[in-house]
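In what follows, subunit A forms one complex with subunit B and a second complex with subunit C.
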Partner chain A sequence: MNKIEIENLTLQYSDGNESLRNVSMGIRENAITVLFGPAGGGKSSLLRCLNRLNDMADVQTAVGRIMLDGENILDPKTDVIALRRKVGMVFARPVVLPLSIRGNLTYGLEVMGESRRSKLDDAVERSLKQAALWDEVKDRLDDQAIALSGGQQQRLCVARSLALEPEVILLDEPTSGLDPISTAKVEASLQELKKDYTIILVPHSVQQAARAADFAAFFLQGELVEYAEGKSIFTTPVNKRTEDYVTGRFG
Partner chain B sequence: MKLNRNLSQRLGFGLISLMATLTVIPIIVVVIYIITQGGGAISLQFLSGFPHDGMRQGGIMPAIVGTFYLTLGTAIFSVPLGVAAAIYLAEYAADNWLTRTIRIAIINLSGIPSVVYGLFGLGLFVLFLKFGTSILSASLTLSIMTLPVIISTSEEALRAVPQAFRTVSISLGATRWQTIRRIVLPEALPGIITGVILGLERAAGETAPILFTGAAFFLPRLPNSVFDATMALPYHLFVISTQVPEMPFQIQYGTALVLIAFVLGMNLIATVVRSRARARRQW
Partner chain C sequence: MLRKTFETEIQQMKDEIILLGSMVEQNVLDSVEALKKRDMEASRKIVALDKLINDKRFALENQVMIIIATQQPMAHDLRLLASFFEIISELERMGDYAKGIGVINIRMGDQPLLKPLIDIPRMAQKGADMLHRALAAFVNEDAEAARLIPAEDDEVDQLYEQIYRELMTYIMADPRNIERANWLLWVAHNLERFADRVTNICERTVFIVTGELTEINDMKDG
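== the complex of A and B ==
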């Protein structure tokens, strides 16, 4: 079943750069959908539409609709705070907040007004286990989060999104700064997480796209060129430009 | 050729470090001179007594207390206003003509000579608002003078907090205000405190703004309300240096020493706050 339906989405920034051109695609529940392609293709912009983080940027026009569970999240009346609780995000560079490990995990719940210690503790333990970080940090939850290694920080960021019990998780090149071992850990946890969540991933390489994708969408200069199952798009792409990109002829 | 480049580099660095060293010399000389000339005047009686015999004898306690009151009064008005303005400028203000006008105004405010603030305070607070020559009028005048310093340093401190923290906080469902209060402000606080202290320090040492608005030549008692005038260290120093004949110079330098200790003490606090925060900072 499709969790998200993107319908004729066109996005333009104030500086005149068109970022997305008439994009339509459905995003399946409990699967990893990969958005890939060369830089400037509009992948991150699309990601940032899905939790309305683009509100912070200079967006001039956003036409079309993004239906999440049947509701258009681009509607100005949308409760963006509730939306961002439902749609979590992990960024390219691990950005831990200047708080303790625990503080990072409970931050989202606390700003929603949750103050019960038991609820917060449960969320900390559950989310750390889901992100495969619990064993490494359970004894030092009150340490500053910045003391963690880069790979641990990024898993903490994943856990931080999970603590809010979202339904959709957006990941924007989550492993671009990580070593291969940490990358493998993050990728493995994504495969676990997709059982419960809808995952949309902008990978940092075509190889990662091919490894992770249940479905994959190829973006080129704001245009959705090809969208298919991961198995087929990386082996038998239909479009010539997709083929050129996945075989490494450009990009 | 290679030798030449290295040589000129060494010459250049040498010259620059010489210049840097030279800048420190005046402050050291001033401090040493004042300590040697005025150190002998410092005693418990000097710090805790009223002046008498036309201020040629006795202590400077009312001036110390007065400067403390004025600094406190200035802080009460200028800190909330200044920090709020900085938050608005750094976090909320759109980049439009209004914001640019406010910024230009702030920059220009800091360039106005302090005696002009004094005259303005006389007109607005003392006469028009009928606060009289008082601690209140003087504190308000000093506040206006201090505001630009507090606003621009606080704004800078807020802007130095990485944008990524804000993005992450928003993406976790926080409102912009929660983001500012829980993440941005705590991170910017050491910088803000430093700016506040630097601003107040200037207020504590100024004579001209309080000249017409709140400073008293001599008072036989301490002020007992904000509508009373008060003695103050910088004005007292001005008075005993220029207005009183046959003034023992030791008392003049003793007063200067106390004023400098007051200001440098605040500076020291600012430095400690800053270096502690730097050691703890993660970005």
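== the complex of A and C ==
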């Protein structure tokens, strides 16, 4: 079942550059959907539309609809705070708050008014386990988060978004600065997380796209060129431009 | 550029596979020629050459793995490299059929041939010719040419049936012919299987080009 339906989405920045051109695609629940392609193709723009982060960018026009559970999130009446709670985001560089490991995880919940210790502890344990970080940090939850390794910090950021119990997780090149072992851990945790969440990933390489994708969408200069199951798009792409990109002929 | 390195590596692999294929092609023709002439020395060389074919198969497989590990190919490139494995392995097995014919000639010892060889050299010639064109279609990635070759296997099958019936008449005429008829039947069987495997190579060529994994001639069991 599709969690999100993007319908004829066109996005234009105020400098006139068209970033997305008439994109329509459904995003499946409980699956990893990968958005890939060369820089400037529109994949991050699309990701940012999905939790309205583009509101802060210089967007001139956004035409079309993004239906999440049947509601158009581009509607000006959308409660953006509630939306962002439902649709979490993890960025390329881990941005940990200058707090303890625990503090990073409980911050969002506390801002929303949750003060019961048991609830907060439950959220800490659950989200760290989901992000495959619990075993590494359970004995030092009150240490500063900044002391964690890069890979651990990134999994902490995944855990922080999970603590808010989102339904959709957006990840923008979440492992671009990580070593292969940390990358493998983050990827493994995504494979677990998809059982409960809808995951949309902008990977940092075509190889990661191929490893992670249940479904993959190839973007080129704002156009959705090909959208198919991961296992077919990386072995038998239909479109010549997809083929040329995944075999390294350009990009 | 990375792509250029990759393309050079692919071309080298194709050249090596053609070389392996020509070793197999020549060995099967030579194996039948040696049998025809009852030339034991030639058959011993054929058996020895098969060892080189086997060694080359492992060396090439290793090379394919290195390319996969270093280049992490996708799409057409991935299908091509995966097909290299299959084709290399088919060629090695085809080489075994040539070796098998060599071994039969050696084992026959002093016994003369049951009959002069006519259809068996034709089978070998046809199989070798099909292999030659199948490998040309493969290196040129010519799916259309590859699709046409397997139908020619019918000719090899007909020759096989003809040989089979003929040898049965020898056996029925005189049971003392059984052993020598059986040797030739095995030779014909090896050649029949040899040609079947050409079909597998053609199927891989179609797969490389189109991504379709299908049996071109599904009446065959090869």
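Basically, the second predicted complex is superposed on the first by the 251 of 251 C-alpha atoms of A that agree within 3 Å, B and C clash if a C-alpha of one lies under 4 Å from a C-alpha of the other, contacts with A are read in each partner's own complex, and residues count from 1 in each chain.
Throughout what follows, contacts are C-beta pairs under 8 Å (C-beta built on N, C-alpha and C of every residue); 3 or more make two chains touch, one makes a residue touch a chain.
The shown structure was predicted, so the numbers you read here are calculated from the model rather than taken from an experiment.
Once the two complexes are laid over each other on the shared chain, residue contacts for A:95 go to subunit B alone; subunit C is not touched. Taking subunit A as the reference, the larger set of touched residues comes from B, when subunit B and subunit C are compared.
In the superposed model, A:84 lies in contact with subunit B only, and not with subunit C. Once chain A of one complex is fitted onto chain A of the other, the partner contacts of A:249 are limited to subunit C, with no touch recorded for subunit B. After overlaying the two complexes on the shared chain, residue contacts for A:237 are found with subunit C alone; subunit B is out of touch.
In the superposed pair of complexes, A:28 makes contact with neither subunit B nor subunit C. Residues of subunit A that lie in the contact sets of both subunit B and subunit C are absent, per the superposition on chain A. Those residues of subunit A lying in contact with subunit B across their complex are 51, 53, 56, 81-82, 84-85, 88-89, 91, 93, 95, 97-98, 107-108, 111-112, 144, 146, 157, 160-161, 164.
Residues 2-3, 6, 72-79, 211 of subunit C touch subunit A in their complex. In the complex of the two chains, the subunit B residues touching subunit A come out as 162, 164-175, 178, 182-183, 186-187, 282-283. The residues of subunit A lying in touch with subunit C in their complex are 206-207, 210, 234-237, 242-243, 246-249.
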